[in-house]
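Dropping the structure in here first, questions after.
We just call them A, B, C and D in the order they show up, numbering each chain from 1.
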Amino acid sequence: MNSPKLIDPRLELILAARHFYQQGWMVGTAGNLSVRLPDDSFWITASGRSKGELELGDFVRIYADGTVEKPSPDVKPSAQTVIHQALYTLFPEARSCYHVHSVEANLVSRFVQGDTLPLPPFEMLKGLGIWQENPDCAMSIFANHSQVSCIADEIKERFTTIPPQLSALLNRDHGVTIWAPSAKTARNYIELVEYIFRYMVAARGTGFCRAGEERE
Amino acid sequence: MNSPKLIDPRLELILAARHFYQQGWMVGTAGNLSVRLPDDSFWITASGRSKGELELGDFVRIYADGTVEKPSPDVKPSAQTVIHQALYTLFPEARSCYHVHSVEANLVSRFVQGDTLPLPPFEMLKGLGIWQENPDCAMSIFANHSQVSCIADEIKERFTTIPPQLSALLNRDHGVTIWAPSAKTARNYIELVEYIFRYMVAARGTGFCRAGEERE
Amino acid sequence: MNSPKLIDPRLELILAARHFYQQGWMVGTAGNLSVRLPDDSFWITASGRSKGELELGDFVRIYADGTVEKPSPDVKPSAQTVIHQALYTLFPEARSCYHVHSVEANLVSRFVQGDTLPLPPFEMLKGLGIWQENPDCAMSIFANHSQVSCIADEIKERFTTIPPQLSALLNRDHGVTIWAPSAKTARNYIELVEYIFRYMVAARGTGFCRAGEERE
Amino acid sequence: MNSPKLIDPRLELILAARHFYQQGWMVGTAGNLSVRLPDDSFWITASGRSKGELELGDFVRIYADGTVEKPSPDVKPSAQTVIHQALYTLFPEARSCYHVHSVEANLVSRFVQGDTLPLPPFEMLKGLGIWQENPDCAMSIFANHSQVSCIADEIKERFTTIPPQLSALLNRDHGVTIWAPSAKTARNYIELVEYIFRYMVAARGTGFCRAGEERE
């Protein structure tokens, strides 16, 4: 009924951030969310804001060339902006990009030494676009360099060579990032990957073997 | 006071879905709920909807012969509709059928290799119609075939041969389904089985032996 | 300011039940709460009601002699009413009695074989009236007989012989019951004992030894 | 827009306490929060109040010399007031001080025998002012003497000798205390340290070694 142009795309992010905050995935100002606009600029959460109570003024607009709209010392774009940019460049269909920090995401990033995390073969992965029966699926893990541009470079390099199976990646010890065709879908993706991480942590806590060995 | 006919039966499902979503049992659009009407048709949640914010338009009506009311590409019935149909056929007293996905339900479905899961002997099982002292009770587990009609067929075959002890079944790696004489009771059943699954997971996490061996 | 007589004492119970329900301690209609009136009658939750949405009509008034006010097939007193009566008789200062079912309460009741559960030596126990440093404190456990009057008899017998250290007792596999000088205090007591149970379960899950051995 | 002087600084504490209560970190009246005013007096929560529903009257004002504004038997300052005073004296930049009790804080205080707890090397520690890559950071632990002034003395003595790496300390078996340049920041600090404790407990529950050994 309403023209979608009339609804500010930041509203969906404000609601998602509040929900993630309540889940304990965006504590102490952690995490960042963005949504891409038709002109390929994107809104991203400003650095240092409490994610449970974002307002429209807590976002920064970044243009396709990387310039910041109305730069201000008070409203600085998230430190992870270059990762969002890298993902939007790599995946033209991506219109939204969410990064959250759960305890479980940090833990599972330690379940393996290497740079991919095998996932349990859940039908639920269809929500992330994996439609096989008993899917054999893994999520990419990247080291969490303190220089964020190095992370972005590694993502671009690896994903250009080997396209990811899922629209999701892990930073070791630093949470998950997903990209999706809409902000609404992005929220579903986060919920799904966090569900899988919770399962993996609980499975290990009850004495089941590592995720990669759970397959029948 | 109010005639029950005047209250839309989908409202109870909308409230239940919101509660289950908040518990983390219906993440990323997962799960499906239905309620049967006096004419034996039933309302079931449409596929792909966020369960935390269902509206009346997010349901599809299925007639007793399996036909869909006003079929539409936008509002498709849940993929699990045939399981709801099978249960309504098997159990004429069932007026509502709920399917949710918790981490714990997935985990406990792995606690045993076979097709039944022994439950701890809780008095609480009286809420599911089990009134013995120290009840010796098990829940049926079914493989989660990607072709949902195969699951429905196996349910019909097994339950026709051996009636289930409980109004509940597990799909391995894919959550629990319950059926109940009303939508309100269905919510209680879900809460009870999920409580039992949480207990079983926590018991194993603290080093207690498998559920089937916990009996005194 | 307001005369306390003007505030219906059931309101405090309705709010407490909603909170406990949200914590997962009163799932599927489980649990029961009561508050004693100046004439020594008490209001207790009716059997089979959803504890997340109690109303004033979901309570039954029980007189000191055990008779039920306006008996009705629709509003039956909780099956555990005789336990509340036993506790009000034993402890004249008790004005409120709450019984809830958490996963953790059920688990810790299995941590010991005997009929007392040693608690960790938390300063927090002062909230339950234990003021020593490093308190050496245990909670009574009673078997959960299906005939509730047997439980009530055992409580009366044991507590008459050996007064309990705490205003709390466990039914094995069936939750905790506390009694307190007011409904407001009763809520605090439940929160405190459930906190201690959560700690004990988590301690065991992380490989610490049994509660009774944790003392320095 | 609004002059900050017009907003009562207790409001931020009321909201924080409600949030912490909902997380299970301030159960049964546990915990205490304070905020320092320009004249170096501070508001602190009164003893024995339910932290989920604080009101403006549930605070006591303490002057820099330790005197209580309008002393009253009904509204007594928190027993931990001397710890807040000690921290405000030690750290002139601290304007707010929060103390909460989580299950996880109590557990991690037992992970080590000594008086410092090594933390995992999370980037998230930057939210607590630690900006190194793979930070090697530890939190001070103090024994929880029943005489609170002894704890305060030990804090003053140790922190005067060895300044703490973080604006946070643990009381063994009795929760975490943080101090921060504002009430808003204090809430972020609590969220961050509790996140880290949750991680440490979950890591141990899944069989990972102790926090101090997790470093790469």
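Everything that follows uses one rule, which is that contacts are C-beta pairs under 8 Å (C-beta built on N, C-alpha and C of every residue); 3 or more make two chains touch, one makes a residue touch a chain.
What you are looking at is a predicted structure, and each value in this text was computed from that prediction instead of being measured.
Visitor: Give me the fewest steps it takes to get from subunit B to subunit D if each step has to go to a chain it touches.
Guide: When the steps are counted carefully, the minimum from subunit B to subunit D is 2.
Visitor: Check the residue numbers that subunit A and subunit B use where they touch, and answer same if over half are used by both copies, otherwise different.
Guide: Mostly different residues form this interface, as fewer than half of the numbers used are common to both chains.
Visitor: Fitting the CA atoms of subunit A to subunit D, what rotation angle results, rounded to the nearest 5 degrees?
Guide: When the C-alpha atoms are superposed, subunit A turns by 90 degrees onto subunit D.
Visitor: Where the centre means the average of the CA atoms, what chain is farthest from subunit B?
Guide: It is D.
Visitor: Can you check how far apart subunit B and subunit C are, centre to centre, with Cα atoms defining each centre and the answer in Å?
Guide: Between these chains, centre-to-centre, one finds 31 Å.
Visitor: How many angstrom lie between the centres of subunit A and subunit C, each centre taken as the mean Cα position?
Guide: Chain centroid spacing, subunit A to subunit C, equals 44 Å.
Visitor: Among all residues of subunit B, which ones touch two or more of the remaining chains?
Guide: Answer for subunit B, listing residues that touch two or more other chains: 205.
Visitor: Based on which chains are in contact, what kind of graph results: line, ring, star, complete or other?
Guide: ring
Visitor: Each pair of chains that touch: what are they?
Guide: Those chain pairs which touch are A-B, A-D, B-C, C-D.
Visitor: Per the contact definition, I'd like the list of subunit D residues that touch subunit A in the complex.
Guide: It is residues 120-124, 127, 133, 184, 187-189, 191-192, 194-195, 198-199, 202-203, 205-208, 214 of subunit D that touch subunit A.
Visitor: Applying the document's contact rule, which stretches of subunit C touch subunit B when the two form their complex?
Guide: 24, 27-30, 50, 101, 103-104, 106-107, 110, 144-146, 173-174, 201, 204-205
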